[in-house]
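There are two complexes below, and they share chain A, which is joined by chain B in the first and by chain C in the second.
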Partner chain A sequence: MTALPVPALDRWRARAARQGAAVLIAALVLAAFALLDLMTGPSGMTPGALWHAALAGPEGADRAAATIFWQIRLPQLCMGLIVGASLGLAGLLMQTILANPLASPFTLGFSAAAGFGAALAIMGGTLIPLPLPGWLLTPALAFAATLAATALVWLVARARGTAPETLVLAGIAVMFFFQSAQSLMQFMASPEVLAQIVFWLFGSLLKANWVAVTVSGTILLVCLPLLVRDLWALTSLRLGEAHAASLGLDVAALRRRAFLITALLTAGAVSFTGTIGFVGLIAPHVARALVGEDHRLGLPAAAIAGALILIAASVTGKVLSQGAAIPVGIVTAVAGVPMLLAVILTKKGG
Partner chain B sequence: MNAAIEITLPALHRGRARVLAPCRLHLAAGEVVTLIGPNGAGKSTLLQAIAGLSPEPVRLTLGGRAVARGEVGFLPQAFAVRAALSVLDCVLLGRREALGMRVPPLLIAEAEALLHRLGLSELADRAMHDLSGGQQQRVLIAQRLFRRPKLLLLDEPTSALDLHHQLEAMALLRAHAAATCAPVLAALHDLSLAARYADRVLVLAEGRIEADGPPEAVLTPDRLSRHWRIAPEILRARDDKPVIVPHLPACAPSG
Partner chain C sequence: MKLATLATTVALSLALTPALALAHEMITDLDGRSVMIHETPKRVALGFYYEDYLAVTGPEGAAKIVSLSRAPWADWRPGQWAAYTAVFPALETLPDFGNADDNTFSVEALIASKPDVAILSTWQTASLGEPGVKQIEDAGIAVVAIDYNAQTLERHLLSTRVLGAVMGQPERAEALAAMYEAKTADTAARIAKAGPSGKKIYVELAQKGPGEIGNTYGKGMWAGVIDLVGGENIAKGQIENWGPLSPEYVIAAQPDVILLAGSEWLNKPEAVLLGFGKSDAAAQPKMAAYATRAGWADLPAVKSREVYGIYHGGNRTLSDFVYARTIAKALYPEAFADVDPAAELVDYYKAWLPVAPDGTFVTKLQ
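Coming up: the complex of A and B.
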């Protein structure tokens, strides 16, 4: 009977403090990158000029500075933060409910569906009688297609009990379907339309505006309280489905809720910006490295990590190509490969 | 809580195959019952059904009141945990419903005391995926005890444990049942262990509960030979409990 050198409660508090500090530091690094993102761009404005533009408001006397700050850089930054946070959260949910460290928000074909919806709008937008302004048609159809894919995956998987492997297989089938449909549309498109579709698929914050920020931000804000009620249930699921169920958890209901939230977050994120890969795959691993498996801190950590990756990619894209920023989707895809390899090579446990 | 738990089970199936006929079980307060049977007899299916994890509707009552699914503790056979959760976190999850944004300090102290009592204190901060199979199994038994269930079901709870820890785990389950009055139903392959720690033994065979009674009455040479296809040598331990030494029929000792 040996007594513990330090009581568990003290060790628990010390660990919580360490993890809280890690999240705080990550948030501060994100804030620094956000400032850097505001200051970077092709206009060559000095930080001082931007500061004045921010203080003067959207109707400031210096119209060029006001437009650059309030209509271009700030909405792009806000969109980057929202999309990164949404993809980080969606990635953590996906890896938890599918019990697969290599799952991401796009594992179940959501990005292929969004791409199909966008291609449909770009190609045949004028033929679709929707009471929407032209610029809103592409994100609206991308959103609708993502939700349609969600419903399709769920309906197929439900027939076999919505086990993780069934969900993944149904998702792969849906992904191939939408990818094929998207390829067919690209094959049929004129060179100008094809260029527009390809640009959308790159995933870029250049498409951001305040409507996009409002819609995607609202979806994120609606999803957050829905996640809070399941924090410990999601942590329990990390023990494995058999253990979670035998501890009285309704795993099927939890998986259904998390799946729907993932679909909403992903649709909200990609509809306005296009496909941005690797953020949803890498951010959960960064979060787990920072705070472990406890979803109370894991979810905020994944959101911050996702936003940080995306804003860092945005800054990198603007610094590397001063004239026309490289789309963040390309930067995250290039930077994501070594990150993914690092995850695979350093992976322990589940 | 001194009332018995009554369990009414319909016919149980695995896939399309019927595994067990409808039956009723009676588990007295504080009783330890072991469930034995050859491979495929339906032990896991029965435990899963009682735990509420099967599609078949099972009725559990305690003193006439229905027992909710969350009040039944169940440790399944496939126990490997691949997550990086600490041992203390894992035990705390046993009472997930009591956890919020802030974990009550009393709960942490209680989990620590339990780990200390079970000799697992040294592992408290270790990640589950870094533990051996036996260590994981001991932690998971601790988690289920921490849950304080009205009925505790365990499917092969000693399968990964060394001899010392097998005896310790079974003694712990007996002590838990005596202290909380919550009955324990454990499926075991080790017939001697099942006999030694049980008040009652249930034999599953031929798609039904084939025998139910004290170990001495149930573990007969004829039954063991018929269902397990062994030539048993039945010895008596110091406490007069049966100890089964199995032999393949062709190798049975003479005389």
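Coming up: the complex of A and C.
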């Protein structure tokens, strides 16, 4: 590679520094919102009381305060961070491998599949003989159904190649299949069960607990090193498929790997919380607006943006309805539209 | 088998209660969970079955409620909510801990209201799952699940006795259980004596107005009550749980009795509105409109005016024997000639609840 002329190199360094700073600032804002999330909740505990509960530990003498801090707010925050980061990462991956700004973790039918699995569990919960406690059945089936959808798209990709059109069409077929299966479930469900299915689909952090945090967190941690390996390859793919291939990249293998990681991240994120919309669509756009196409910064930026959107929505939901919190999925859906518009309108030309 | 052990446990604890009125007591709730009650709770978080709770505790129970799941009461049964908030205005301002059905149940809000015990329905504890229940218990709050939704005699009686044991009102609970059991036995005895009625019955949720056919029930809810009293439900085998029958099928089935299930819905001008604060005079023309549906004038049920309005909120509660007897009376008029379900409902409220059932709960098309 020929040496770049010095002014160009300086400009590049300055831009990289700017972008690095942007990610850092985003991370600090996220930390601030995380703190805010811990401090808001229907019990209206004062920051002082909360601080005491945190210091007293999970076995603190004030049982109500200890439970609220250690068993309710903290796992909800962790779950929000994990789910937001997973969906942000999965969204960016999907948009990269499909070369489509409209793609999200749910484009290839994963959410419809998760919804079908959840509906199956909510409806026939006790009929399915699985060695699981009842409350784990819904996440388990949602996870399994998402993997089933992945397998279907995967089979098509094996047979017909991984061109974005093929993946999208296979994904849409899978999505319609699971959506109709889910509609059938809803049609057969009694009113109370129907309400449960519909509200599962909205997505909520209220049922977060440490088991869920551990499972989803482990999936995220397992996926991270796999992603790091492909940072350069993914960045090259953004130059276009032909360019990437000319650089010696096995585009098909890369797409398949990224597709599997996306599926895993999405399944891990939505099985416990329900399909939280818009995060996976908007976070990648925010990330690109901050740091451009380089996935070395783009992936962390997407993860931070995803977590930030979800935690901000969680805080908003808790502030808006003091008593019973509005499901966070509804807030992200409502707030997502103006955010998407803002991203589009502030985007620099070209 | 499990029920039998549950029953023995409760019976045992009840037998011991008079001597140990305020001492430690182990109760097995309707989830089969063992709950230790140290002393009669002074602060209660109430999830559902508000009327059954008040029937067991008596009026002083209302003052003990420190938080509730508001939507199933205030939104599902606005008329009933208005009747109770008129007597207990404090209910209006109690903290709301959300609704399990729409995933807004907030364990934190429940804990923040600092109750001694959380009395929830089994569908609420199922929705919370083990981790949610544990969160509440870890905050030092006893969780007691009861279940009238199952709509079985055993679980109705058991739920009532558990409520009595928890709230320190075992005698009241026992009397209520005995009353309910006696009414159910009386209904069954009259039906057995009358023999099979062979009458075909159609029930419709009269919410959408006559222009659109509403849901009927193939299993559970009203279908369960119809099965209990030996009616021939035309939706059986056609509708899995709930859903609309085709209008053609209803006409072809030629039902002998039609039940229109009404409630206190808001913004439903064409619905049959029944319940607290609703008048029969207003319900009659709505029911008559249903009877003029295409092809309905010639149905046996319409020709003989066997068209009934029945309160949809009357299921899954201790007063539901009234509605079973209403349907039974429609099927076996002679066997129930001396039974007046509407009057029995008034008697029930007078004996057990702090409000009067002012409104229309069962009616017949004139």
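Keep this in mind: the second predicted complex is superposed on the first by the 330 of 350 C-alpha atoms of A that agree within 3 Å, B and C clash if a C-alpha of one lies under 4 Å from a C-alpha of the other, contacts with A are read in each partner's own complex, and residues count from 1 in each chain.
Quick note on the criterion: a contact is a pair of C-beta atoms (placed from the backbone, for glycine too) under 8 Å apart; a residue touches a chain by one contact, two chains touch by 3 or more.
Because the structure is predicted, anything quoted here is derived from the model rather than measured.
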> When the two structures are overlaid on chain A, which partner does A:I68 contact: first (chain B), second (chain C), both, or neither?
Replying inline: second
*So, does A:S246 touch the first partner chain B, the second partner chain C, both, or neither?*
first
### Task
Look at A:G41 in the shared chain and tell me whether it touches chain B only, chain C only, both, or neither; answer first, second, both or neither.
second
Q. Where does A:S204 make contact in the superposed view: on chain B (first), on chain C (second), on both, or on neither?
A. second
Next on the checklist: Looking at A:I326 after the superposition, I want to know if it touches chain B, chain C, both of them or none. Which is it: first, second, both, neither?
Outcome noted: second
Q. Should A:F187 be classified as contacting the first partner (chain B), the second (chain C), both, or neither?
A. second
Dual-contact residues of chain A (chain B, chain C) none
Interface with chain B, chain A side, in the complex: residues 1-4, 7-9, 11-12, 228, 231-233, 235-236, 238-240, 242-243, 245-249, 288, 292-294, 296, 348-350
Note: in the complex, chain B contacts chain A through residues 51, 53, 69-76, 78-86, 88-90, 93-94, 96-97, 99-101, 103, 105, 108-109, 111-112, 115-116, 121-122, 124-125, 127-130, 140, 143, 147
So, in the complex, the side of chain C touching chain A is made of residues 70, 95-99, 101-109, 111-112, 114, 123, 126-132, 134-136, 138-140, 220-221, 240-243
Within the complex, chain C is touched by chain A residues 41-45, 63-64, 66-68, 71-73, 133-136, 187-192, 195-196, 198-200, 202, 204, 206-207, 209-211, 274, 323-327
